[in-house]
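Structures incoming, each one as C-alpha cells.
Common to both upcoming complexes is chain A, partnered first by chain B, then by chain C.
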Partner chain A sequence: MAGGSGVIVVLAWRNLWRNYRRTLVMLLAIATGVWAMIFFSALMRGMTDQMVLNGLATLPGEVQIHHRDYRRDPSVANSIDAPSGELLAALQQPPVEAWAGRVRVPAVIASERDSRGVTLLGVDPDAESELGSLPEQIVQGRFLADSDDRGLVLGASLARKLDTELGKRVVIMSQDPQNDVADRGARVVGIYRARLASTEEQYVYAARNTVQGMLGIGERVSEVAVSGGDYRRVDEWAPRIAAAAGTQLEVLTWTQLDPFLGSMLAMQDGFTVIMMVIIFLVLSFGLVNTLAMAVFERVREIGLMQALGMRPSLILYQLLLESLYLLLLGLATGNLLAWLTVKPLESGIDVSGVAEGMEMMGMGTVLYPALAVEDMLMATAVVVVLGLLASLLPAWRAARLDPVRALNKT
Partner chain B sequence: MSVNWVLAWRNLWRHSRRTWLTVAAMVFCNVLLVFMISLQLGSYQVMINNSLAMVTGHLQVQHRDFLGDQRIRDSVPAAAQLAEQLRTTLKLESVSARGQAFALASSEERSFGVLIAGVQPQTEALVSSFPGLVSQGRYLQPGDSDAIVIGAVLARNLKVDLGDELTFLGSGRDGSFAAAIATVVGIVDTGINDLDRGVAQVPLGWFQETFAMGDHGHAVVARLPSLDAVPAAVADVRGQIMGHSEELRVLDWDALQPGLRQAIQSDLVSNGFMYAVLVVLVAFSVLNTQLMSVLERTREFGVMLALGMSPGRLARLVAMETLLMALMGLALGLLLGALLIWYLAVFGFTYPGMEEMAARFNMDDRMYPQVSLPALVWGPLTVFCFTLLAAVYPALRLFRLQPVSAMRAV
Partner chain C sequence: MRWIAVILGLVITTATWAEELTARDIIRKAMDHYRGQTSYSEMSMTIHRPDWERTMTMQGWSKGDKHTLVRVMAPKKDAGNGTLSVDGNMWTYTPKINRVIKVPSSMMSQNWMGSDFSNKDISKDTAIIDDYTHTLLSTGEHEGHALWTIESIPHEEAAVVWGREVLVIRDDWVLLEQQFWDQDGELVKTLKASEIREMGGRNVATVLRMAKVDTPDEWTEVHTEQVEFDLALPDNLFTLSSLRNPRQ
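Entry: the complex of A and B
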C-alpha cells in the first residue's frame, strides 16, 4: 500500500483540475479572503503600533521609576534621589538601552497675554536623546543645549495659545517642596511640533539643573524613564529593575502605567483572530459546497474505486488532499498579493483628512500598515486548520458511500 | 411566464444541499452585516451624544477667534442675556452661558494650573452631564458665589476636601491681576482621568467679577433633544445673533469637535472595506454555484435549444433561479438579523476589554445596536445585488452554447 498513497497524491491533484473553472473561482475566493485577512491585520497592527508608540513617546520609556506617592500626587515633594548603587548598575546593563532621570512637575506658564497649566519637564538633553523622547521636530530655534541651559522649549500649539513666540520671555511657576511658589522668567529658545496637538499643549521642556535649581531640590528627580528597545518584551527585564530599585520606589511598566495602551495590544490580537475567523466562515460555505459538488459528480467513480478494493480511508485522504491543495494554492496567492499590496504602503498612508479623528484615537496623520510574519502565519493556520475541518464532512460522506448504490446511481 | 418561475424553483431543488449551502452563505453574511452595522451605528450615536453631553453641547455661540486660540479676550458680550434670548428662540430650557480662564489654583499644600469654568448652575445641569456626576457634596446652586466644584483627580492632586478653600491667581480679561478664594462644595467623579483632572466650575457671576469680565462670557452652549435638530437650531440661532454682533459665530458640534465625526468616518471606511470583502466572498460562492448548475445542465440546455427555446430565455431562467435563491437569502437573513438585533436591543452586548475602551471614548460599557431600517437592510440589500451580479457570467455562457455539441457533452 506504500505506493497507494503516492497515487492518491497525484489523483487528488488531477481531480482538482477536472473542473478548472470551479477550482479557479474557488481559488480566487480563497485568495481574496486570505489577502483581506492579512491586509486588515497589517492595518490593525500598524494602528496599534502607532497608538502605543505615541503613548510611549509621552510616557516615555517602557519602564518608569517613581516615588511611591508620585503617581497619586505628582508634586515635587514626591521626588527621588538620582539612581545610584545597585539601581544604577542595573540601569547600565543590557537589555536596558537608555535611561534618563527627569523632573516632571505641574506648572503654570504665563506670557504677557495669557497663562496656561502645563507639565514642566526638567530634562538632560543627551540622556533624553538616547531614550528617544525628545520632541520630534524643532520648527523654530533650537532644543536645549545641555542640562544647564536657561531657556524653555514650548509646543507650537501652546505658543500660539499663549500669544508668544521665539525669543520672548515667559514666566514659569511651580511649587517647591516647602509648598511655596517658585517662579522664574525664561526666554523661549525653541518651538517644537509633536504628533499630537495635545502633547504640544501639555509639555514644556527646560534643562534639568535649571529646574532643580529653581525648585531647590538638589539632584533629585521626579521619575526615571528606562527603555529597552522592544516595547512588546518589557516584562522580561522589568522585574530585575524592580528588584534593584528596592521597596522604597515604585517600578512600573508601560502596561501598568497606561492600562488602556496595554489593553490595546491584547485587543488587537483578539480582533485579528476574530476578523480572520469571520472571513473564513464566509469563505467556508463556498469551500464545502465546492467539495460537496466534486463528490456528487464523482459518486459512481468513487463507488467503482471502492468496489475495486480501495479503502474508505484512502478516499477520505484523497478528498482532504484535494481540499488542501486548493487551500494551499489560495494561501500562496493570497499571501503573495498581501505582500505585494502592503509592502508599498508601509511607508505610510496619508490620512490627514481625518487628522482630528485619528488624534482622538491616539494616532497621527499617517497610517503605517505593518506586515508581520506572525499575521501571515496566523492567517495560514486559520485557513488550513478550519478549511480541513470544514472539508471533513463532505469527504467523510464520500468515504461512507455504499459501493453498490453508488455504482447504480445515474 | 409562470412556467419559467416553476421551472426555476424546481431547478433550485434538484441539488437541495447545494442550494441550501449557498443560501446559508448569504444568510450568514447578511446576519453578520446586520449585526455589525447596527452595532456600529448604535455605538456612534452613543459616542456622539455622550461626548457632547460632557462639555461641548450640540451648538455654541462664541467669539469668532475663540475656538482656535481660546484667549480670554475673545469673549461674548452680555452672555447671560444672550442665553436667555436663545432659550426663547429655541424654545428650550437647556441653554447656558459659560466663561473660562486659566488660573493657578492653590490649596494649603499644592498648586496646579487649572482651567476654571464659570457656569450658570441651574441651566448648566440641563446642558452638561457633569452636575449629575457629583460624587461628594453638591453641585453649584443658584445664589452660590465663591463656591467651586472640582474633579476627583484634581481634588486628590491638590489634597483638598469638601469645605476646604482654594486660592486662585490668574489674569483678568483686561490683563489685570486676578485673585480670589473659593470654597470646595462638590467633587465630580466621571471616571475619566483626563476630565477629572481638568474640571473646576464656579458660578458665572463670581467668575465674571474675578476675571474682570463684566457681563461677558466665552460661550453660550445649547443641548438639543437630538442630533437631527442641530441644523435647524443653528439656522435659528444664526438669525438671532446676526444683528447682535459681527464678532460672534454659531458653531455646531461638528465644528466644535471635528475629531468626533472624523473618528466615525475613518471607522466607517475601514469597516466598509471589511464588509465589501465579505460581500465579494459571498458573491464568489454564488458564482461558483450558478456556474456549476449551468455546466452540469449543458446537455439539458442543448436539448432545450434544439427544441427551439431561445438562449435569452435560458439565460432568464438562470437569472430567475439566482433571483429566487437571493430572495431566500434576503428574507431569511433579514428575519434572523432582525431577531438578533431585537435581542441585543433588549439585553445589550459587551466583549472583554470593552470597559477600558468605553472609558476612553466616553461610552457605556454595554453596547446597544441601532434599531433602524437602514441599518437593517443596507447589508442584506448589498448582498442581494452582488448575488444577482454574480449570476451574469454563468448566464452569459448560455449564449455561446451550440445545441449539437451541447447535447453531446458529458
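Entry: the complex of A and C
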C-alpha cells in the first residue's frame, strides 16, 4: 500500500507538469491571490496596530488604576495613594513590564498672548520611558530630566498657538483639592512632536513631584498605568492586578477604557478573514475549472487505471494531491512575494496627501504595514482548506467514473 | 511709615531719594497709596470697542493686599453683580441666578466683566510686590514732580506670563503708568493714568485706561468718582455671605 501511494505521489507530480502552461497560469493566479491576501492584511494590520498603539501611548498602558470616581470627574480630588503593599508587589512581578504613577489633571496654560485648556501630566520620566508613553520626538530642547524637574514640555502645535517658544516662561494653572487656585510659572524646556496635532495641543508634561507640590497632594497620583507586553493578551493578567488593588480602586483594561480601540481590533481581525475568503472564492473558480479540465482530458486514462485495478480512493487521492501541489507551490510563491514587497515598506508609506482624513481616524501621515506570521498562516490555512474542499468535487467525479464508459470515450 | 514721606519731602535732589528708597519700597508705597489700609471707592468703568461702548458704575472696597470686593450699581441689568477676591481666589455673584460661583483657575486669565482687565489683574494686583524683582531704571520729572521708572522682572516660578513690567510712579506715590512687556521685549498692554486729582485726602489717578498695543481702538477706562481711605470696614465685609447679601 505504501508503494501504491508512493506511485500516486509521483504520478500526481508528473501529471501537474504535463500541461505546464496551464499549471503556470494557475500558479500565477494562486500566487497573486495569496500575495493580495497577505499584502492587504499587512496594510490593515499596520493601520489598526498604529491606531491601537497611538491610543495606548496616550492612554497610556494596557491597564489603568484609578480612584472610583476619577473617570467621571478627573479632578485632583479623586486621586489615589501611590501603590504600596500588595498592589506594589503585583506591579513588580511579571508579566508587568512597566508601570508608572502619574498626576493627570485638567489645567490651563497661559502665555502673554493666549491661554488654553490642556491636560497636565505630572510624570516620572524614567518610569514613563519604560512604559513607552513619552512623546516620540523632542524637536527642541530636552525632555524632563527627573521627577523634580521644574520645567514644562509642550507640544509644537500648542507652543505655536500660545505664541511661545523654547526657553520662555508660561503659567500653568489648576486647582488643588480644596478648589483653590494652584498656579506657578514654569519655563518651557522642551517642545515635542506627536503624530497627531490634537495630542500636541492637549498634553503638557511636567515632572511629577513638581506637580504634586503645586497641587499640594503629597505623594498622591491620579492614575497608575501598567504595561505588560502584547496588548492583545491583557485579559490574562489584568484580573490579578484588580485583585491586588482591592475594591477601593477601579482597575480597567484598555478595551474598557477605550472601547472604540478594542472594537477596532476585533473588527480588523474579522475583516482580514472575510477579505481572505472573498479573494479565495474568486480564485477557487479558476482552480475548480483547471482541475475539471485536467480530469476531462484524462477520462480514458483514468478508465484505464481503474480497469487495471486502481481503487477509486487512490484516484481521488491522486487528484487531490495534484491540487495540493498546485496550492502549495502557489502559496510558497505568494508568501515569498508578499514578504519581498512588504518588508521594504515596513519603514513606512508616506500618505501625507490624505493626512487630514487619516488624522480623523486617529492615524498619522505614514502607514506602516505590519507583516504578521499569523496572517501568513491564516492565508495558507484558508487556501489549503478551501482549495482542497473546492477540488473535492472534480476529484470525486473522476473517482466515480465507470471504467467501461471511460475507456470507450473518444 | 508716613514719616518717610515727610523726610523725603525735605530732601532736595531726586538722586538722593533713589539711594534711600529701593525700587521695591516705591512700589509698595504706590500700592499702599491707592489702596490704603482700607478703602472705599465709587467708580465707573467704560469698555470701548470699535462698534460699541458701555459704561458700568460700581462700588469697591479693599482691605490690605488680599481683600477686594466690587459691586456693580448700574446699568440696571448688571446691578448687583459682585466680585469678591480673597487671597488670590475669586468668587462672583449674579443676582439673576442667585448663585455665588467660584471663578475656576481656568477662567483666571479671562477678562473681568468683559473689560480689558483679566480676573487675575483684579484678584492679584498687589502680587507684583513679592513676585517680581524690582530695579530703578531712571528718575525724571513731570509737572514739578519727580518720577521713578521701575523695571520689574518676575521671579522664575511666579505665576506671571510677562517678561517684565515697567512702572512709572510719581513722587506723591501716584502710579502713572504700568506697562506689560512680553518675553521678546514687545509691549503688549499698558495701564495709563490720564487724570490725577486730589480725592480722599490724597492724589489719586482718577482716570485709568487699560489698552492693548495691538488693538488701539479697544480699551477700558476706569474713572474714580469718589474715594475714601483708611475707614473702618466691618470684618464680615469680605465674606461670601456679604457678597450675596449687600449690607452697605
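Side notes on the structure shown:
Keep in mind that, in the parts below, the second predicted complex is superposed on the first by the 408 of 410 C-alpha atoms of A that agree within 3 Å, B and C clash if a C-alpha of one lies under 4 Å from a C-alpha of the other, contacts with A are read in each partner's own complex, and residues count from 1 in each chain.
Definition applied: a residue touches a chain if its C-beta (ideal position, glycine included) is under 8 Å from a C-beta of that chain, and two chains touch if they have at least 3 such contacts.
Just so it is clear, the model here is predicted, and its values are computed rather than measured.
Of the two partner chains placed by the overlay, only chain C lies in contact with A:150; chain B stays clear of it. In the superposition on chain A, A:185 makes contact with chain C only, while chain B stays out of contact range.
Using the contact criterion defined above for the overlaid structures, shared-chain residue A:108 touches chain B and also reaches chain C. In the superposition on chain A, A:168 makes contact with chain C only, while chain B stays out of contact range. Look at A:285: by the touch rule set out above, it reaches chain B but stays clear of chain C. More residues of chain A lie in touch with B than with the remaining chain of the pair chain B and chain C. Of the two partner chains, both chain B and chain C are touched by A:117. Residue overlap on chain A between its contacts with chain B in one complex and with chain C in the other: 106-108, 110, 112-113, 115, 117, 173-175, 179, 181. Remark: chain C residues 88-89, 102, 104-106, 108-110, 154-163, 180, 182-183, 188 touch chain A in the complex.
Interface of chain A with chain C (complex): residues 106-108, 110-113, 115, 117, 150, 164, 168-171, 173-175, 179-187. Chain B makes touch with chain A in their complex at residues 15, 17-18, 21-22, 24-25, 28-29, 32, 69-72, 102-104, 106, 108-115, 156-157, 159, 170-171, 175, 257-266, 270, 273-274, 277-278, 280-282, 284-285, 287-289, 291-292, 295-296, 352-353, 356-357, 359-361. Those residues of chain A that touch chain B in the complex are listed here as 19, 21-22, 25-26, 28-29, 32-33, 36, 40, 43, 72-75, 106-110, 112-118, 160-161, 163, 173-175, 179, 181, 259-260, 263, 266-267, 270, 275, 278-279, 281-283, 285-286, 288-290, 292-293, 296-297, 351, 353-361.
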